[in-house]
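Letters are used for the chains, namely A, B, C, D, E and F, taken in the order the chains are written, and counting of residues starts over at 1 for each.
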Amino acid sequence: MPFVNIKVTGGAEAPTAEQKAELISGVTELLQRVLNKNPATTVVLIEELSTDNWGIGGESVTVRRRKQ
Amino acid sequence: MPFVNIKVTGGAEAPTAEQKAELISGVTELLQRVLNKNPATTVVLIEELSTDNWGIGGESVTVRRRKQ
Amino acid sequence: MPFVNIKVTGGAEAPTAEQKAELISGVTELLQRVLNKNPATTVVLIEELSTDNWGIGGESVTVRRRKQ
Amino acid sequence: MPFVNIKVTGGAEAPTAEQKAELISGVTELLQRVLNKNPATTVVLIEELSTDNWGIGGESVTVRRRKQ
Amino acid sequence: MPFVNIKVTGGAEAPTAEQKAELISGVTELLQRVLNKNPATTVVLIEELSTDNWGIGGESVTVRRRKQ
Amino acid sequence: MPFVNIKVTGGAEAPTAEQKAELISGVTELLQRVLNKNPATTVVLIEELSTDNWGIGGESVTVRRRKQ
């Protein structure tokens, strides 16, 4: 019955539909294996954010990427 | 003072503005009726996700819809 | 298939198990009535926060309650 | 190591990239100043919602704006 | 740089510290394998909710467990 | 009208009521200064998680603290 919310950067670096499907099946299997949770009621939501909207270390990922 | 976050599938199956308004008023009334919460400070946020980004039973809603 | 997260103040003002059950059935019915969503896959999570941890208008609910 | 999720109205009233950068640096500094949290592992996510999807006082922000 | 929030039922059925560690390492590896995400900045938060506070199919998990 | 959710480690390292009040007023002022948001409808929720439930770099904060 678990609920999983995965947030990643989107836009040019958004996951493909195939990658999203792999995340959904992978995390559902992980919860079944580790906690014996029922896959039928495991919900996984993937949300994509612009690199302008994602901050770490006090600056946006847009700015961090530019510096690298 | 409650906070409610409703996540639903969007895109072709996104709620209309009228439906969103019904969800907002309906959940605000529910919280007032059940818990006597003040509507003035009840916040309701509706978020829409692509069916590719929503997983249940280990697969995306996109794949589930295709099978039905 | 919707997901609903309700956050309310807890502690002395936490909802009872009966009130939580009413919120769960009420919001599930609302989503079925307005958007024709399947109740079987509608997930509702209720989270309770201390009034110290809830801020509105720049101050905590603890402080607001004291002023009223 | 804190995590901060800021949700604001988007569309015509969305913050600019500069304003988002100010929010990210401002909230990271706040957490360092008040709780001595390490900026390097402070994550700030900004999410933008349509005014149709944001409710307060039982009605959407779209409707509230129209009335003002 | 992903962020993952896992919500599961707690109390008597809460995961142990070892199980939580497995979830954290497992989901971090999944994101590295599927999306090449850097584990150093992958944040995983596990939240535990009472079975009274978790609803599916219009009723709480407490009630569902009793019926089984 | 913004909504802010701050998650930090709790237990022995939980913020005091005074520190929570500083976070609430600080982030409310930041949103007013940067985006001209109305403090009266700015909601700030602070959630505290056990260090066992917080993962970064593929391991829990409990384990990371022990290594330092």
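Criterion: a contact is a pair of C-beta atoms (placed from the backbone, for glycine too) under 8 Å apart; a residue touches a chain by one contact, two chains touch by 3 or more.
All values derive from a computational prediction rather than experimental measurement.
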For chain E and chain F, chains touching each: C, D
Minimal step count in the chain contact network, chain A to chain D: 1
Classification of the chain C:chain F interface as same or different, half of numbers criterion: different
Chain D on chain E, rotation in degrees - Cα superposition, rounded to nearest 5: 180
Counterpart interface for A-B, drawn from D-E, B-C or E-F and sharing over half of its contact pairs: E-F
For chain A paired with chain C, centre-to-centre distance based on mean C-alpha positions, whole Å: 25
Chain C-chain E separation of Cα centroids, rounded to whole Å: 20
Approximate Å spacing (C-alpha centroids) for the pair chain D, chain F: 14
Where chain F touches two or more other chains, by residue: 1, 3, 7, 23, 41, 43, 45, 47, 54, 56
Touch relationships between chains, expressed as pairs: A-B, A-C, A-D, A-E, B-C, B-D, B-F, C-E, C-F, D-E, D-F, E-F
Residues on chain D engaged by chain B in the complex (per definition of touch): 7, 47, 49, 52-60, 62-63
Touching residues on chain F, where the partner in the complex is chain C: 17, 20-21, 23-25, 28-29, 39-48
Residues on chain A engaged by chain C in the complex (per definition of touch): 1, 3, 41, 43, 45
Of chain B, residues touching chain C in the complex: 1-9, 15, 19, 22-23, 26-27, 30-31, 34-35, 37, 41, 54, 56, 61
